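Following this line, the structures themselves.
After this come two complexes, each holding chain A, first together with chain B and then together with chain C.
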Partner chain A sequence: MSEILELKNISKSYGSTTVLENISFKINNNEFFTILGSSGSGKSTIIRMIGGFTKPSSGEIIFANKNINDEPIFKRPFNTVFQDYALFPNMNVFDNVGFGLKIKNKSKEEIKKNVLNVLTVVGLEHFSNRMPQELSGGQQQRVALARAIICEPEIILLDEPLGALDAELRKQMQLFLKEIQKKIQISFIFITHDQEEAIFLSDRIAVLNNHKFEQIGSPKDLYYSPKTTYMAKFFGECNLIKCRVTNYDSESIKVSSAFGSFNIPKNKNLNNESEFIYGIRPEEVKLVRQSEKSIKVKIKDINFRGSTSTINATNDNGDSLIKIQNISTNISKSLSINDSIDIEFNTDLGSIFIE
Partner chain B sequence: MNSVLNYFSTSIWTIVSFILVIFLILIPLFSFLSYSFFTVDGTDIIHEFSLFNFKEFFIDEIYIRTFVRTIFLAIIVMSCCIMLGYPVAFFLARYAGRYKYVILLMLIIPLFMSYIIKIYMMRSILGYSGLINKVLAMMGFIEKPLEFFLWNQNSVIITLVVILLPLIIIPTFTSLDKIPKNIVEASFDLGCKPFQAFRYIIFPISFPGLIVGSIFVFILALGDFVTPQLVGGTSGFTYGKIIYSNFGMAFNWPFGAALASILLFVSVIIILLTNYLTNKLKT
Partner chain C sequence: MTRLENYTKYLLAGLTGLIVAALYAPIVLTIFYSFYKSRKGKVDWNSFSYEPYTKLIYERQILESLMNSIYVGVVTVICSVIIGFYFANYYHTSKSKMKEFLQFIIFLPFLLPPIITGLSLLIFFREINLPRSLNTVVIGHTIFVLAIVFKIILNKLETLKPSLMESAYDLGASKWQAFYYVLLPNIKLSLIIAGLLAFTISLDETLITLFLIGNDTTWPIKLWAKMRVGFSKQVNASVTLILILTSLLVLLIASIISRSEKKIMY
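And then the complex of A and B:
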């Protein structure tokens, strides 16, 4: 996979308000890249800068080894699918889709051939004479996408394109987007605030928090090796336990916590006496028979949900809480509040966050 | 029960609106049209059907000539209004930022002023001892007042343009102002240079507004009779003024009505034609 676009140390501020701080990332060829962030986190600003609608306050946008910061919008080989589609109300579907080619002075026959082609790809071949106002939201969405695809850009920028659709249609369009991206082999930079959508669609996700990227990686990376406590809690749930190293030897590390002491595998970022936060997902906490390795906790409440039941348990003092999932139904049947249970962490899958 | 009441009240309003249209528009219009088929004898109106007035219009070439000249005048006024009004509306809508509605309001204020007062105002600006001549004389460019501005066709055109300009700015501004920002951005995104974005996107979307304004201006300029009366002198004679004089001075109501009917007929034709052409352009 080769890189086609790079953002280097991009910052953007309006007056004294900072929108983005030191953003850097690279886009690979044929990649579905998602920028995930809550509303107002500046995620739209990123693709508006790539598209050329806004200029970064500092930093470089590099495309094909060239700085394109000052390249005007119409010269950039990117096309945008806008949040509310922005179809031209004075043109029918055919002219909307063919507009990019018309501006490039392509011949009438070529435009016609390509438009019909692309309309077939998005499944709107029978709608070419309709006006945009006569289409449903999902159909307008497809026209907007077709209008971008036909220009054969290097990258398609999608600014929360599914935001205005209802849940059912959203699901359909997600599938559609994923399929079409595979088919046409163009990189997508996709903006959303919807976690599930991001996980479902993306090859890689960049999570935007507080004007900065928390982490960039594949959905699996983000889930299994979160880099910060924010990320650990972002996808799914995670128990965060304050720990201190008490014994550091070549084989394993012994740490103490509010729940007592336990061993974790070797880690070169830790040394004797260092303090850190240990992250362990509820499904990696096991109920076990009492042993020298196990930790004793007291059940605070049981959230019965059949096979996905969870237990909240506290330590002896009752000041720390831990969540346990994946309990065999056989066991959960017999448990009740205030029972004492023994647990063990699957320490291979725990994460260490040094603050 | 409720739906019956609802139906009843809706149909009552339909009937009321029909009655209003019939009594306030159609009956006066019809009686006015019927007058054009009467003739006069001295000061008496003879209530008998006759095509005399229309024959008169086509026989005496002064009427047709004045009519054609007035149409040209209206076209010139309309063109001037388009050329001045469109750029104003465009810059107002796209570049005036948050002050645009304040500026628009200032442009509309003259519409609330009396029409006559505005014409007198124009007279005091254009006249022999008016603002323009005074300033030019003071700066030493001219020795005696320019006669270019008053008591002729030019003064009629200038005055009409000044008075009618807001009528073209308002609908054009409205149609430009409602173009979403991202539609223009989308056109850039698809490769348009600024002029192309204007040509293919902004202008076509604002075109219907421009047409509405242009028709307003054209029709009002065509039928105007006060402006030529007050600033037109003897050479600034228009069709509207002939109609006016037939009602006022000559007391020949039937002939005035006939001339007015012809004006109405031509105006309606022009409106329908523009409508047809705009629709055709759209598809």
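And then the complex of A and C:
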């Protein structure tokens, strides 16, 4: 995979308000790249800068080894799908989609051929005479996408395109977007605040928090190897346990915590006496029969959900809480509140956060 | 419904009728007396004739003044819509703080008493040695109606989503192409409405015109001059004709507005 776009140390502020601080990332060819962040986190600003609608306060946008900071909007080989679709209300679907080609002075036959082609790709071949106002939200979305695809851009920028759709339609459009991106082989930079959507769609996700990228990586990377406690709690749930190393030897590391001692695999970043936060997801905590390695906790409450149940348990003092999600087993069948249970961490999948 | 409520209802209806009558009776009478003669307050019912209208054709002065008014109106429309659009677009897109000042300047001539506007323009034209003519009247009218034209176009621009123009640029359009293919078709109606309103205002503007007109004369000024030497049926006739013309224009504006509203509802 080759890189086609790079953002290097981009910062943006409006007056004294900082929106983005030192953002850097690269976009690969044919990649579905998602920028994930809560509303107001500045995620739209990033693609508005790539599209050319605003300029970064500092930093470089590099496309094909060339700084394009000052390139005007209409010269950039990117097209945007706006959140409100921004279809031209004075043109029908055909003219909306053909607009980019008309501007490039293509012949009428060529425009017609291409428009019908792209409309077929997005499944709107029978709608070319409709006006935008006569289409549903999802259909307008498809027109907006067709309008971008037809220009054959290097990257399509999608600014929360599914934000205005209801849940059902949203699911359909997610599938549609994923399939179409594979089909047309153009890189997508996609903006959303919806974690599930991001995980489902993306090859890579960049999580924006406090004007900075918290982590960039594949959905699996972000889920299984979060780099910060924020990231650990961002996707799904995660138990965060304060620990201290008590014994560091060549084989394993023994740590103590509010729940007692347990062993974790070797880690270069730790040494004797170092303190850290251990992250373990509820589904990586196993119910076991008592053994040397197991930890004893007391059940506080049980949420029985058939095949999976979650258990909230406390340590002996009752001052620390741990969440356990288990596939219902023979052991869990007979559990009730205030029972003592034995648990073990799947330490291969635990994360270590040094603060 | 109680009896009292019934009485109140009729009373209000009667009152409304009286007010409407008081407002519109003079206009109806003007039209009426363009067809009938009266003597000592009594209507001569046998005197119906189109004569004042046919005679109007021979009233060269009235017709000439009417043509002048139409000329002034048309040129005013062209100037005010172009300048009004330019300022409205600037106001809408600019982030400069000067734009509030610009709006103030545009509204000033419209809010000031016309006598002040007319007089200051007259003094200004004399200072720069611009002889008074229909063209100075056009300048005066343009300055006067600019506020309304500006406001109508600005209102329309503010209803457009910013992403509309952005998406045009995004698809490769230059400023001119975006203006011609996207902005213009979407604000067309507001330009037409602004133009029609500018025309009707210009058509009967008298006070500013009075200061700025040279040897020519516009229609309202001609009528005013005619009234001083006594009433003539031709005055009634021309008033009736203009009344019909402006009513049609107003109807046209109203129908355009309601049509565009329906389009938005859709």
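Quick note on the criterion: the second predicted complex is superposed on the first by the 353 of 355 C-alpha atoms of A that agree within 3 Å, B and C clash if a C-alpha of one lies under 4 Å from a C-alpha of the other, contacts with A are read in each partner's own complex, and residues count from 1 in each chain.
Definition applied: a contact is a pair of C-beta atoms (placed from the backbone, for glycine too) under 8 Å apart; a residue touches a chain by one contact, two chains touch by 3 or more.
Note that the structure is a prediction, hence the values are computed from the model and not measured.
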item: Fit or clash between chain C and chain B when superposed on chain A; value: clash
item: Which of chain B and chain C A:169 touches, first, second, both or neither; value: neither
item: Chain B versus chain C as contact partner of A:199, first or second or both or neither; value: neither
item: Contacts of A:116 with chain B and chain C, given as first, second, both or neither; value: neither
item: Which of chain B and chain C A:133 touches, first, second, both or neither; value: second
item: First, second, both or neither for A:79, with chain B first and chain C second; value: both
item: Stretch of chain B, among 19-27, 163-171 or 271-279, that runs into chain C once the two complexes are superposed; value: 163-171
item: On chain A, the residue positions that both chain B and chain C contact, one per complex; value: 51-53, 72-74, 78-80, 82-84, 86-90, 99-100, 102-104, 147, 151
item: Interfacial residue positions of chain A with respect to chain B in the complex; value: 51-53, 72-74, 78-80, 82-84, 86-90, 99-100, 102-104, 147, 151
item: Of chain A, residues touching chain C in the complex; value: 51-53, 72-74, 78-80, 82-84, 86-90, 99-100, 102-104, 133-134, 147-148, 151
item: Of all residues in chain C, those that touch chain A in their complex; value: 161, 163-164, 166-174, 177, 181-182, 185-186, 263, 266
item: In the complex with chain A, residue positions of chain B that touch it; value: 180, 182-183, 185-193, 196, 200-201, 204-205, 282
